[in-house]
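As written, the chains take the letters A, B, C and D, and residue 1 is the first residue of each chain.
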Amino acid sequence: MASIRALVLNCTLKPSPAPSSSEQLGQEVLAALAEQGVDGELVRVVDHDVRFGVSTDEGGGDGWPAIRAKLVAAQILVIATPIWLGQPSSVCKMVLERLDAELSETDAEGRLLTYGKVAGVAVVGNEDGAHHTIGQVQQALNEVGFTCPAAGATYWVGEALNKVDYRDAGPKPDTTGRTTKALALNSAHLARLLAEQPYPPPDARGAGVGPSRESA
Amino acid sequence: MASIRALVLNCTLKPSPAPSSSEQLGQEVLAALAEQGVDGELVRVVDHDVRFGVSTDEGGGDGWPAIRAKLVAAQILVIATPIWLGQPSSVCKMVLERLDAELSETDAEGRLLTYGKVAGVAVVGNEDGAHHTIGQVQQALNEVGFTCPAAGATYWVGEALNKVDYRDAGPKPDTTGRTTKALALNSAHLARLLAEQPYPPPDARGAGVGPSRESA
Amino acid sequence: MASIRALVLNCTLKPSPAPSSSEQLGQEVLAALAEQGVDGELVRVVDHDVRFGVSTDEGGGDGWPAIRAKLVAAQILVIATPIWLGQPSSVCKMVLERLDAELSETDAEGRLLTYGKVAGVAVVGNEDGAHHTIGQVQQALNEVGFTCPAAGATYWVGEALNKVDYRDAGPKPDTTGRTTKALALNSAHLARLLAEQPYPPPDARGAGVGPSRESA
Amino acid sequence: MASIRALVLNCTLKPSPAPSSSEQLGQEVLAALAEQGVDGELVRVVDHDVRFGVSTDEGGGDGWPAIRAKLVAAQILVIATPIWLGQPSSVCKMVLERLDAELSETDAEGRLLTYGKVAGVAVVGNEDGAHHTIGQVQQALNEVGFTCPAAGATYWVGEALNKVDYRDAGPKPDTTGRTTKALALNSAHLARLLAEQPYPPPDARGAGVGPSRESA
């Protein structure tokens, strides 16, 4: 059985050591993945000096290349993000923009490096916004080559217009905990399948090349 | 190698025999799937008397159960939809709502019937709205148990504020045609993997059960 | 002070007399508008035979023209919709598509008929999806000529993955009730301003014409 | 006639002096506003040291307070943003998150400072994503108290999967130019109305208070 690693990117706005609800849910995803035999780690993106941009390395001490090396070595990527104004965080969007560069990164057979990788999403907020945030992240990750497993997201939000954080309200084993376990089970299974039997390389008719990269 | 079938649901607002750009792109997806050894058919949803609702059968001559039978027999579902006001069509949303019922439909081992199925998206519009429409459809289909293959969408739209239809402007082999072929290649590969090695059933810890169904 | 009328369109999937949470919130918006001196009524769209399409009248007994006549006579439109799969209902999308036709309907001075009208949004669901649904409806209504007042939406959803309806959980005077009152206060004020001092007609340089209509 | 000022925030990822298509469209909006008698300026956000966060001042040299002072002095805010992966830029999301703080900033009568302000949106991309980006920005700005004028957005994108920038393809007087002029005409009119006749303050029944601020 293929050995599988996971990378969870915590996209909170707050540097360590501030408490972070998305860190808590991200750690719960890692624990559920460990039950499926998947090793992994969590990186809080804002603790590193990641630059705005759409290349693999923006230079001048950019923190992204070191994070990207962990991603290249992993078969499962989980984006953990808070919700602000019903939407994914700006740090989450910055990460997705950096991943746009993967549309230029191919292996010896012409496949995107992301083609072997599975993507999950973990979202927390005080109230509302989870489905939309999941949709935004899945659409972007799918476009740059990740595969989304069945039930590929877990989330918690409170009742409308409430103000409690997940790190105070959770864990919620019967709702969020259940979707976290499903995400882990399905991600691990799918990542192993793709590690053992990767998508075929582009053929002579051009199939498999996928979307080109926007230049702007 | 597992035998795989595809169902393309054309979500145009216009009944047959009106010409339909989403029908054209849907047929191109079917042709690309045929090159990968996948048989399939296209159904124009609005030609059938599908009812608003969130059950598998709304009764009284509802056209959905017959379409659903084709879906149950297929391993690949492709939603083909036009864009209106930058968003998926109301017929597309009606289909997604009917698929919400699948969150209650499980096999003998407790897995959703959708867990073995792969979902693709094909979108056309005069101008703008494809990425958003793709994201809406992928988020909804993923939530109800479908798996999204890498680069799991194909689309065409014209320049901003233009008025040409895809059926007049297309085909576009170097752009849309390329993403159509990638969608077909990846969908066929992933559907075969999942047919041969399905997601594991929920285990004693509850992993794999996934999101519950909203009751409203 | 200009006399102002409101029309609330309830976009539930369920025909009368089935109970509807979006009807309840829609009625609460009407009551709050009445406190601001605004008369109005609520129409449950699915009780009428509204057809899929993008014209003002699809013919053959289409129920939209009668609803549209009420809209033309109103200065405030409120879209009340349930959430399904985190998104606005298919009935809501059908209404937005019919409103696309307003991009061709102008007064004697070349202004869209919608230019004098204010749009509000009222959203209910068992869990999550309100912000996204509000954004979808506001973007579409704004594009076809409606003006969105400050804090132009009210909503209720329960905690993540819960199943209680607003008609059982509500009313919620300290959260949803407060945003309902703000929506009513701001809508009434803005509708009166625009009734008394409408947007200027397009000038010789073409300003004011706005987006053209998509033909597809 | 009230004197009106506009602030355009360019949310490109690229610091000056790199060329920026959103800067070009933002300048076109300013020029169209000048034809309506509105003075204004454009700020490229990424040139200033704006921090991630949700307060009015994140401290330690945060560049946001100086930009916010310009916003407080303006009656029209225009968000100009590029599209990446079909979505608004991370810099745009960072700006929206900083504006979340405005939900705590009220005048002597208890109204949000944003209640007198009108918001427009200007979007550019190589291909697709404008409607969605407009919807995201409008929903967030409306929630924090801005009013959206009829036809309150202008945009340009190229045909699907193309790679040309607006600064090379534009200007487009018959499409984007027309919506730019409409945005300017309607914004100027509405901002003057609200400057002269502001939304009423919250009354004894609590109307007008609007959404509370999320604490997380």
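Here is the rule we use: contacts are C-beta pairs under 8 Å (C-beta built on N, C-alpha and C of every residue); 3 or more make two chains touch, one makes a residue touch a chain.
Since we're looking at a predicted model, the values are computed, not measured.
Using the contact threshold fixed earlier, the set of chains in contact with both chain C and chain D is A, B. Put simply, the C-alpha centre of chain B and that of chain D have 36 angstrom between them. Chain A and chain D have centres, each the mean of its CA atoms, that are 29 Å apart. For chain C, residues touching at least two other chains, in rising order: 85-87, 127, 131, 134-136, 139, 143, 161, 175, 178-179, 211-212.
Taken chain by chain, the contacts link every pair, so each chain touches all the others. Contact residues of chain D toward chain A in the complex are 13, 21, 46, 52-54, 82, 84-91, 93-94, 96-97, 100, 125-127, 136, 139-140, 143-144, 161, 163, 165, 211-212, 214-216.
Residue ranges on chain A touching chain B, taken from their complex, read 32, 35-36, 112, 114-115, 131-132, 134-136, 138-139, 142-143, 145-153, 175, 178-179, 181-182, 184-186, 189-190, 193-194, 197, 199-200, 202-203, 205-212. The touching residues of chain C, when paired with chain A in their complex, are 85-87, 127-132, 134-135, 155-162, 172, 175-176, 178-179.
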